[in-house]
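All chains are identified by letter, namely A, B, C and D, in their written order; residue positions are counted from 1 within each chain.
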Amino acid sequence: MKKPNVLKETKHILIRFSEVDSMNIVWHGTYVLYFEDAREAFGRKYGLTYQNYFDNGFYAPLVDMQFEFKNPLQYGDTARIEIEYVPVEAAKVVFKYKIFREKDNALAATGSTTQVFLDSDYKLVLYSPDFYTEWKKRHNVI
Amino acid sequence: MKKPNVLKETKHILIRFSEVDSMNIVWHGTYVLYFEDAREAFGRKYGLTYQNYFDNGFYAPLVDMQFEFKNPLQYGDTARIEIEYVPVEAAKVVFKYKIFREKDNALAATGSTTQVFLDSDYKLVLYSPDFYTEWKKRHNVI
Amino acid sequence: MKKPNVLKETKHILIRFSEVDSMNIVWHGTYVLYFEDAREAFGRKYGLTYQNYFDNGFYAPLVDMQFEFKNPLQYGDTARIEIEYVPVEAAKVVFKYKIFREKDNALAATGSTTQVFLDSDYKLVLYSPDFYTEWKKRHNVI
Amino acid sequence: MKKPNVLKETKHILIRFSEVDSMNIVWHGTYVLYFEDAREAFGRKYGLTYQNYFDNGFYAPLVDMQFEFKNPLQYGDTARIEIEYVPVEAAKVVFKYKIFREKDNALAATGSTTQVFLDSDYKLVLYSPDFYTEWKKRHNVI
């Protein structure tokens, strides 16, 4: 049996002045945006953005997100975000993330997010929507 | 002839840690939220919130906003925001704002915003919607 | 032996227009601010704010944060945030959170955060700073 | 006499999902970040970033910012930000901005910002710091 693909994308981000707090390090809440940027980059690469969800009649809100902060990022740093799709049976979209400080390759943060599907009436969709099942097949991640 | 009313509201805000930048003062972009909080407080007092716009079939996006920064606010400070409705002939909602640092009553910032009306198709509404004309009459601000 | 105290605080928040995304629900990243607001309210009640850390020569950055989203919040909703201090042996400050939608008491989100201590040179502090040990004794949470 | 240079930079930005509000257009407060991104790109091109200010012993907070919104940006749009340095006699750094919607080249927003210099004691600097006077000469913008 063929091993499932590992789908990954990498995104580089320059740390903004406004993302840094009075400790001179990136405020923890900013990492939510970094994860979003990575998800968006992944989505454009593989065809799985918020827009793709909408176009198929679904929303895909987060039900879970986790962050571990290891080393600080500072204004002027470049961060490298690595996002990886985590195959699961359920009607969910799961990603894990690693963020690195480019200048010394130190691990800045790790984390994960889980999204579910809602239909256009905001009802939870228990089985994978067809477009998502096909997407999984097409990318061999089932 | 009766003089038009001056409609005002005051809102107090405690400065958050995350609103402060690496200079240890409130980041300038945060004032957009302070103005929004003041508009919302005004709207609840006088019946003119985003929800009221929606319920009458309109959006009211900003077309103009201006800020002047006079004295810094810091983490732990309380800010007092004074918002005043500015009557204009056009189909617009104009507010001006003053933000004070409570501890010494120093003027922290001033500014203004202008909103227009869009209908549910996002078309600009050139004449005041009925609900807004009635609101103006009711509050004697015409 | 005396049972340790359970330290709690409750904070109410009115959902802002700008906190809502194009799905008409509060954007997941906004919950980072709600948790911060709850921590700040707790800190003012019990004497454990960012300012208290600074005044004692320490920073207390987050090393971990987790969120589970259960039911959406919308513009105009009031959220009730319940924060509880979680006693641990280590030199850490751990909180858990529950956010409720006031209108129907539905659970909107749960989560937790963990903070560590850095000294003024940004070095990790392995043993609880004196001020924190005394704080724990004073509140009987050891 | 030689005409002063016109210093410009252009920055492209992909609109994030989280930058869009419930009207499905970019929330007005987000433009503060777009202006900041443009200033940072300009600063890296010409050597005038926040970091350059710090390294020379100064802060450069905003004292003024203005925005006019012309046409909405939406999730998935690309925005092109054009920033231009505005030469002034005073010890100030003034920029003007134009933001375009790439897909149809519509003008999305215009605006301006003014920064002053504070020394490391947060005192207003009335005369241009040496490093800034030299920067102006070097770029022939006096």
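One rule holds for everything that comes next: contacts are C-beta pairs under 8 Å (C-beta built on N, C-alpha and C of every residue); 3 or more make two chains touch, one makes a residue touch a chain.
None of the values given here were measured: they were computed from a predicted structure.
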* To do: Would you mind checking which chain's C-alpha centre is most distant from the centre of subunit D?
  => C
* Structure fact -> Larger contact count among A-C and A-B belongs to A-C
* Structure fact -> Between the Cα centroids of subunit A and subunit D the separation in whole angstrom comes to 30
* Asked: Using mean CA coordinates as chain centres, what's the subunit A-subunit C distance in Å?
  -> 24
* Asked: Measuring from the mean C-alpha position of subunit A to the mean C-alpha position of subunit B, what distance in angstrom results?
  -> 35
* **Overlap residues in subunit B, where contacts from two or more other chains coincide** => 17-18, 29, 32-33, 36, 75
* Asked: Quick one: in the complex, what on subunit B touches subunit D?
  -> 23, 25, 28-29, 32-33, 36, 59, 61-70, 72, 122
* Once bound in the complex, which stretches of subunit B touch subunit C? -> 14, 16-18, 32-33, 36-37, 40, 49-51, 75-76
* Contacting residues of subunit D [partner subunit C, same complex] -> 17-18, 20-22, 24, 27, 29, 75
